[in-house]
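The letters A, B, C and D name the chains in turn, as written, and every chain counts its residues from 1.
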Amino acid sequence: MKTLENKLIEWRRDFHRYPELGFLEMRTATIVAETLEKLGFELQIGREVMSAEHCMGKPSDEETQAHLNWAEENGAVEKYLEQVSEGYTGIVATWDTGKPGPTVAYRVDMDALPIYESSSGDHVPLNQDFRSTNTEMHACGHDAHTSIGLGLATLISENSDRLKGRIKLIFQPAEEGARGAISMVRAGVVDDVDHFIATHIGLSVPHNHFVASNNGFLATSKMDVSFKGVSSHAGGKPEEGRNAMLAAANAVINLSAIPRNSQGMTRVNVGELHAGSGRNVIADRAALKVETRGETSELNDYMKNYAESVISGAAQMHQVEYAIEIVGEGISAKGSPELAVRLHDCAEKSGLISQVESNEAAGSEDATFFMDAVQKQGGFATYCILGTDLAAGHHNEKFDVNEDSLLPGVQTLFESAVELSRR
Amino acid sequence: MKTLENKLIEWRRDFHRYPELGFLEMRTATIVAETLEKLGFELQIGREVMSAEHCMGKPSDEETQAHLNWAEENGAVEKYLEQVSEGYTGIVATWDTGKPGPTVAYRVDMDALPIYESSSGDHVPLNQDFRSTNTEMHACGHDAHTSIGLGLATLISENSDRLKGRIKLIFQPAEEGARGAISMVRAGVVDDVDHFIATHIGLSVPHNHFVASNNGFLATSKMDVSFKGVSSHAGGKPEEGRNAMLAAANAVINLSAIPRNSQGMTRVNVGELHAGSGRNVIADRAALKVETRGETSELNDYMKNYAESVISGAAQMHQVEYAIEIVGEGISAKGSPELAVRLHDCAEKSGLISQVESNEAAGSEDATFFMDAVQKQGGFATYCILGTDLAAGHHNEKFDVNEDSLLPGVQTLFESAVELSRR
Amino acid sequence: MKTLENKLIEWRRDFHRYPELGFLEMRTATIVAETLEKLGFELQIGREVMSAEHCMGKPSDEETQAHLNWAEENGAVEKYLEQVSEGYTGIVATWDTGKPGPTVAYRVDMDALPIYESSSGDHVPLNQDFRSTNTEMHACGHDAHTSIGLGLATLISENSDRLKGRIKLIFQPAEEGARGAISMVRAGVVDDVDHFIATHIGLSVPHNHFVASNNGFLATSKMDVSFKGVSSHAGGKPEEGRNAMLAAANAVINLSAIPRNSQGMTRVNVGELHAGSGRNVIADRAALKVETRGETSELNDYMKNYAESVISGAAQMHQVEYAIEIVGEGISAKGSPELAVRLHDCAEKSGLISQVESNEAAGSEDATFFMDAVQKQGGFATYCILGTDLAAGHHNEKFDVNEDSLLPGVQTLFESAVELSRR
Amino acid sequence: MKTLENKLIEWRRDFHRYPELGFLEMRTATIVAETLEKLGFELQIGREVMSAEHCMGKPSDEETQAHLNWAEENGAVEKYLEQVSEGYTGIVATWDTGKPGPTVAYRVDMDALPIYESSSGDHVPLNQDFRSTNTEMHACGHDAHTSIGLGLATLISENSDRLKGRIKLIFQPAEEGARGAISMVRAGVVDDVDHFIATHIGLSVPHNHFVASNNGFLATSKMDVSFKGVSSHAGGKPEEGRNAMLAAANAVINLSAIPRNSQGMTRVNVGELHAGSGRNVIADRAALKVETRGETSELNDYMKNYAESVISGAAQMHQVEYAIEIVGEGISAKGSPELAVRLHDCAEKSGLISQVESNEAAGSEDATFFMDAVQKQGGFATYCILGTDLAAGHHNEKFDVNEDSLLPGVQTLFESAVELSRR
């Protein structure tokens, strides 16, 4: 096991040094593909496992091409690069034991964040020489997730005799922004799945602890909103303009003013606003990045629908045009209690201090789309948390995990594969 | 002339003691009617000289009936009361010399304001015992205007041999709020008029001074705006409400934010806002009193059209209904230079220091509707200012005029009647 | 018991016909006083049981005097009127059994709401001829509460031999707006109380049902906010004004935009907004009625503190002055489980279907001040709900209770007095 | 003259191809310096003629260094580059005739705009191969101004015998944003000037026409406003954030809502707003580019002071910090009538159709600082307009001048040098 532990750390640090944003995980995905193929998994890559029309918030062709060049220069595996070159970076790796049994799937996410990693003297990735080499950062632990996925694959490959049925490892792009899962669901990758397990490291659960079913995810919608007016000289002809910034400013304030809802928790945020192109010009463009959340999908719908009224009304007030593009969505979901209890037992068997269920409100997650699909077809699904000690919170520039947490996570997941393959 | 001067003061003080709001000038109008009939004028009263469908912002039937009772108890002349009992209080009094000549019209307004008159020790109306007996006040000098109108009628009646053609005295209701003139224009009262003169006292012009043509009036629109939402318990079910107050608040701010216009002066004001019925209830009603102004009618249209966008957008943002009622309108107008020069000469002849023209921006005036109508049919029109020394500004609770200014005003107007009747 | 039931209905309908707003319950209080004194209770009235400096949102002296006249003309009992004439209308009625034992207190509220009662044909108070005789209405059941209080007093008086210790009946003014309780707490009326029970009828609990401990009350602050600017002529000199309405409108929108709080439920509402005095005048005054709520007192403090920032900032933006007056406050509170269980047993014994506890979020209640005080001194407190079938929701113009619910309520409370007097 | 005309076009096209933003005119200034020195002018460059502490809105050291590299690679004259390498790019070139006489100064501005030049097929600079080689553009004609300045220098050099006294050519950086003039005024460059003439091409005056005194410039203030709050996870802990975007949005709307001013024309614009760094993060930063204008300096002060109240109040509402940096200022100014008449005569003599004065509101100009300084010391100053036919309006990506207008402009200015050197 010492060997596997070293391997896990090595993988994680490699991914950490080369973070890639959602729908751009080209280097990561090709390394994953090569590793899994060598272990004997059967691969499906890119458009085979992703519905192109359901990819939300995908980077432009220019950005994708530029990143492809970067990936080529930074260690992507040439053999698989063609298949992910357009940004469809999802992979499904299947292990068929040949024996009758259920199909068990594990979801792993691979993308990083547009955060500039700390270069503070006490930041371990700096000290240990695996700090990000570019301007992105694995500040949410998806590097650890990918590493754990490869570790799980290793144990499966080496201990196939303990298993029955089929194991599917789903490497998903673009979890950040809740953008990637739906395209894999629509491509049918969980249509044959009986048990589905998604995993996240951290989330305030300490090292050596485990939560078998985390149920606090909020439904969410991510919207890119644009206002288009008419520019004019602000000093000379102000009346000839149509002020997109005024519409946007009204939208921001009134989105925040959407009434609280007595049925449960709601959220709304405008995280970015960019408007105008010159001090003395009436702003003809404004762009907002908006997200709504709700404790249930119904509550999120309430927020989203109200938001659309606010945006259209703000445009109408100042006679500008608007467009709303949905660039990410997550639904709320509850883990299947039967599956949670079995996973809980596996964690305890692997030496972790486990609790069956947690209902702490967390952020949003598009793994809920997989869960919902599996449960609707009669299967079982859960979202588990692998505890670790964090150097700083998620999405912080000093985020770092305790690498000692990786191995017990791999072991727990492998034990669940054994346990679940029984029936 | 001493007798006429005393008479002018007596009339003015009597009207000052019994102020009446627009479309409620029942006591005033019946006294005017009685006085003019006695002098030999031919009268048209109420619906004969007012188009009912063009009366904007008329009080409710209940208010009208209540005021009728008040008027009966406070000295209205019974004989004419029936004709003005529904609030159509306009009068046109015609003096036909029987000799061929032009038709010359003078406009007099009669209404007061909802201002509670000062009871300060230095306020002349209090000292001289003619302070308002009710909660309204003649704080814009229309009491003086009505008095001057009766004084002019007296001189006409006594000096008919100096005149030719016909003289029409138009006593208009509801100048405040720019509401009354249009209904008289639409009833055709100036269709036969060759020369039209409207008069205002004060307006920063000092005693013994005169302006023959004041051209600074702004075009204006007065709007009553209402928002209608849905109430609900603010603590229990906030999401079931539709918040009319939020819509109204957004309208107020964004009306103020209508862009400045490079073509000339514009104004906008929300003077009153009332919303909601209980602290813990989502407000389902909000009402605004709005006015726009513009240096030209085109500029006022710009403001008014933008205002409608703001109001509809604000309603849309918070999913409430809205209604806009136009309750007053004034257009911009320029005096006829030929007429101004002739009137200027009359003023100088009457001992006043006169200037032909002033372009100082003043408030708005619906006399502009009469002016526009007369000019469009080829006639001449002007709006003159009779200077006086004011105790405090217009619409102030301590407003008061110098009564010495009344007689020269009457003389100037009478001289103009003589001058204009020549051709 | 038939006699008592008739009496309960008679009392309730009498109070219903003569509703009185908070701190004006003069007729109600004097009738309560007379009834209780006849039953043998010892009375403390008005300033004896209320701290004048802690009365929030008390009507003006003029309103109080005017209502005193109304009360005299509408059946107030002369003997006690002097003591409540200034609007201190609280009463504490004590029954001392002379036997050692605990002190048990019951809170009853007496005030009505500024709602105009329905005159719809199907409204029972109209049909049965006990509709409100004025423009206020008992639309929250406090008429029933007062009646139940008198019924409880009757049973205590008639069955004193079953009791030990002392019973205190607390008739509180001004529960609406959460204004009256604190003044009685500060006057020390529960300083000697071991068990405290407050009761409310309705609240979505059906007839024949009972909740022994309702824990869903929100902490709340009620604020009257005023903005004071400078008026000026909106057309002539807009730059000389300081626009209080603009400040108020910004406050309204940004109060609604106070961020949601992850620690629990929050609320904010501006229920009323009145600004300005004339269409063409820059508004120099604006007044808001604001309330904040929070699932805990900490959460309400978060809302209240943020609200103060918003209000001061809105004033600063448009250079106007502001003032915030706290006119009502409620804290959050949890019932004592031991007391709840004992009360639950009494309800079941009285034939009601009872549940020990409910955590449904309700509105706010200032009975929580009594509860907090009693619990802090080591006593027990609870807030129970007496179910009934409502014709329409609380604060609705068609609100009405099922009078069959009154007697079992009285019986349950009396049984609790017997039960609690044991120790 | 044909030679000079060709030279003017050649210069203008060269500057057009290499546009440089304000305080970065390194290539332009060094070419100007070389040309003027060769003609025999005495030069003062950079810090000699600019007060460093009065340079508003100067680019950062990084930007300045980066541009220096660009300038070196794109034809800057090495000899003078050191002197302008820190972005102090102003030049004063003096021609001393040695004969007694007045000092006459001409102001020329050199900077370009951050506009991406049109590549439309009908755009002359594209067709004639002098379109901008970078992402900036001479979209306001300062390329033509610089060319005219060099043309004027040529005529002075060649016809010195017609002149007396001294001629100063002031090549000013950073006119856009009204940033550069004040630093040259404070360095004393017009302290000895008797006659000052600034020139602008275009401004709606057609080819072959001339305005000797343009008096419509507005006083202006340019402000960079920043808000600084606290970021937090918008889903997880919204209450821990301090939302800078909300403050900024309120500022934008309420800046637009500053009341109109009856004393004259006012303007306000927020031209750019950038806030936030991620969709699910409470925005901790917001930056605004604001400008106010007024028909007089007093009116601009009214706008600027009100703007500061709005900005501080918006920050206070949402408990964020703010900073306001003044990055540009212009005052209002009136040309000296005596000078205007003399310049008018020179224009007519040069074959142009001239008018003495125009009061059309134009944008703002910091040449007004030179004018004010010269007039205050008893000298004469004017701002003239050289008409041309424009392909599109100023600051438009398709802006272009008629090059036939250059020569008559040079001739008029030279004639004025002759005329003014007489006394």
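Following the convention adopted for this analysis, a contact is a pair of C-beta atoms (placed from the backbone, for glycine too) under 8 Å apart; a residue touches a chain by one contact, two chains touch by 3 or more.
For clarity, every value in this text was computed on a predicted model and none was experimentally measured.
More than half of the contact pairs at B-D come back, by residue number, in A-C, the repeat among B-C, A-B or A-C. Interface comparison, A-D versus C-D: the higher count of C-beta contacts falls to A-D.
Chain geometry summary: the mean Cα position of chain B and that of chain C are 50 Å apart.
Rounded to whole angstrom, the centroid-to-centroid distance between chain A and chain D, based on C-alpha atoms, equals 50 Å. Our note on geometry: chain C versus chain D, Cα centroid distance of 68 Å, whole angstroms.
Shared contact sites, meaning residues of chain A that touch two or more other chains, fall at 236, 238, 243, 246, 250, 253-254, 256-257, 259-260, 262, 267, 282, 361. If you check the complex, the residues on chain D that touch chain C are 236-239, 241, 243, 246, 250, 254, 257, 259-263, 282, 302, 306, 309-310, 312-319.
Within the complex formed with chain B, the chain C residues making contact are 114, 177, 218, 220, 222, 233-236, 238, 243, 245-246, 248-250, 252-253, 256, 267, 269-283, 286, 289-291, 293, 361-364, 393-395. Residue ranges on chain D touching chain B, taken from their complex, read 253-254, 256-257, 259-260, 262, 265-268, 361.
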